[in-house]
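Have a look at this one before I ask anything.
Order of writing sets the chain letters: A, B, C, D, E, F, G, H, I, J, K and L. Residues in each chain are counted from 1.
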């Protein structure tokens, strides 16, 4: 096994429904331009409130991908 | 845009089903007495276990609202 | 009320569907050998990515149980 | 069990004798106006020094109470 | 010196000019309703960006005041 | 001096009187089954409140012992 | 409101005069190549000293911008 | 009030009886050589275990004193 | 891929030569009794000093292994 | 380039006007007795409040200087 | 000295031999595409275990480089 | 065993070869003026980069020594 190198980027995904969906939204968007994504870590979970209800779930992810 | 001031309070919501529902429960309860809630941050996620199963999801939120 | 003592262990549950399910999977597995589990705390949330999609949700839990 | 909501407040108790007494002083004072207090967490321990001796123990507590 | 008790609240002040001014704005607003404020701690510094320039400085403060 | 290996376990001791006693209670219980305990670190201090008074002091310890 | 995705980058701005100016310098430089910057968070504040005086203020910012 | 400057030093006090006594022991020792001590903060609490019992309480303090 | 569960334990390895060797010593000792070890995380690095020289390197590891 | 060694000390500077001035005050005072100061890091920002207004800005700095 | 701006990226280097080599591997890979790298900070140290032995050392670095 | 008091100082050692050597360099330098050093803790690991290669390893240590 050769000695690989990975780069990590930080993304914030959003969703009106859940943190899980917000995470999937972020990964899907990143997949348009980033190859070889391998893992993610949840860094922060927050959201916006409108009229006394949660309007948007926001999850910050640190995503690692192999550098070719 | 005038210089606004916000206050943050800390709430713990609970639910038998999920952390997401626990968060919604906390925000809904706070909405009964607090106006102008604008955002929340997840501070802690824990829960109780009974008979080897998760009985209650507990999520601690820091909630910001504009002070009039 | 006698002065109880608790021990805490650290588990990582995994699931293809959600962090909530990953937590339940870890608690269920521990219940096979550990009695008197009382509460858990979420320590870390991460996951693996394959072909640009979340493949596995991984949640690290600190679980407390009463020592007899 | 209905889904309860808790609020957390932050208090600083002081005592000339010990951190434990400082914690009790803070809880006793809060009990004058806050009902349903359920648990506390120690956030910080510090104190003042006068003439080379500890003059006052100061303990910061985060206190949770059930919201009716 | 009697054993005093303090309460801490969390505020977010904002300003178009600086973090220092944002802090002063928060303290001034709180002074309208809170007596005996004694000290503050900077918890977080952030801000908004519009058209490539800092539009608003936002500072989160933890403010301690003596409880009578 | 041979190169020793230690293992660390996490315990929560409880006491109606003080954090110090809660720590001693946890160490005494562990001593029933664990040999060669060498040091402990205080990880968390919290407690329960009943009728406006501290009912139980709870201290979480990380305890190190030599592995034979 | 569609589910947006944001990316966060980390910048270090420098200034001979103040942390505020250092932050503005970093944002201005980033604006040359990054569009849709929306917010920043102060991560670290440090500086260099020469001949017993502060020579340079250095502020590390985490900057979020919307991904198109 | 002139603009004062304080220096902070880190001490570890020890005691066979309690963390409180360990803190007092550290402050008393420092008072032999350091003047104008003004406040302390508890940084860490740990201890040694011998024969299944707490042998020594060790408390790390950060102590501030005014520089003349 | 079935949903696996992992357990994490905390070990302290020691070595007179380096932190790397201390880590290897800890893993080797654990391998005598623990199967399916999969990864480790460095939690803390410290050491003892005797006669003005580093006598022992001590590294605390969190080690994950699959639960059958 | 020889292998240099640096020592770090912790200072708290105060000012009635700003955190920046408080930092400069601390560095200037230290320069009276400490040579070869090279860099500083902001560790904490707090302040005192009197009559509802910020009376004093207090900044804790970790300052590094080369040991000859 | 003009007011410079730096950008920080996060890399994970791997090596079968040591954390030091893993760090060098990451910097060498980054040097293929990034100019003006100036400093790095170790963010995390972990590794994989196979058959009871450390198989790979993994070090996460935050690397700063000057933006032209 | 009398109740000892320890003081902790913070040092930064540097080396062109490794973090381990950087730690040894710091301890050796401190040994010239500090007696009774007993233990050290690694606080931070960083380094400088020149021409795409690690030029210097820098390790920050907190060192404890007994006060007579």
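We adopt the following convention: contacts are C-beta pairs under 8 Å (C-beta built on N, C-alpha and C of every residue); 3 or more make two chains touch, one makes a residue touch a chain.
None of these values were measured; they are calculated from a predicted model.
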Task: Equivalent interface to E-G, taken from J-L, E-J or C-I so that over half of the residue contact pairs match - done: E-J
Open item on the list: Can you work out the whole-Å distance between the CA centroids of subunit A and subunit F?
Closed with: 38
Task: Chain centre separation (subunit H, subunit J; CA means) in Å - done: 22
Open item on the list: Between subunit A and subunit H, what distance separates the C-alpha centroids? Give it in angstrom.
Closed with: 44
Open item on the list: Could you pull out the residues of subunit H that touch at least 2 other chains?
Closed with: 9, 19, 30
- [ ] Would you mind giving me the full set of chain pairs in touch?
- [x] A-B, A-C, A-G, A-K, B-C, B-D, B-E, C-F, C-I, D-E, D-F, D-H, E-G, E-J, F-H, F-I, G-J, G-K, H-J, H-L, I-K, I-L, J-L, K-L
TODO: Under the touch definition given earlier, write down the residues of subunit J that touch subunit E in their complex.
DONE: 18-19, 44-49, 52-54, 57
Open item on the list: Show me the residue ranges of subunit L that touch subunit I in the complex, using the header's touch definition.
Closed with: 19-20, 23-24, 27-28, 30-31, 37-42, 63
TODO: Write out the stretch or stretches of subunit H touching subunit J in their complex.
DONE: 1, 3-9, 62, 64, 67
Task: In the complex with subunit H, residue positions of subunit J that touch it - done: 9-16, 21-22, 25-26, 29-30, 56, 60
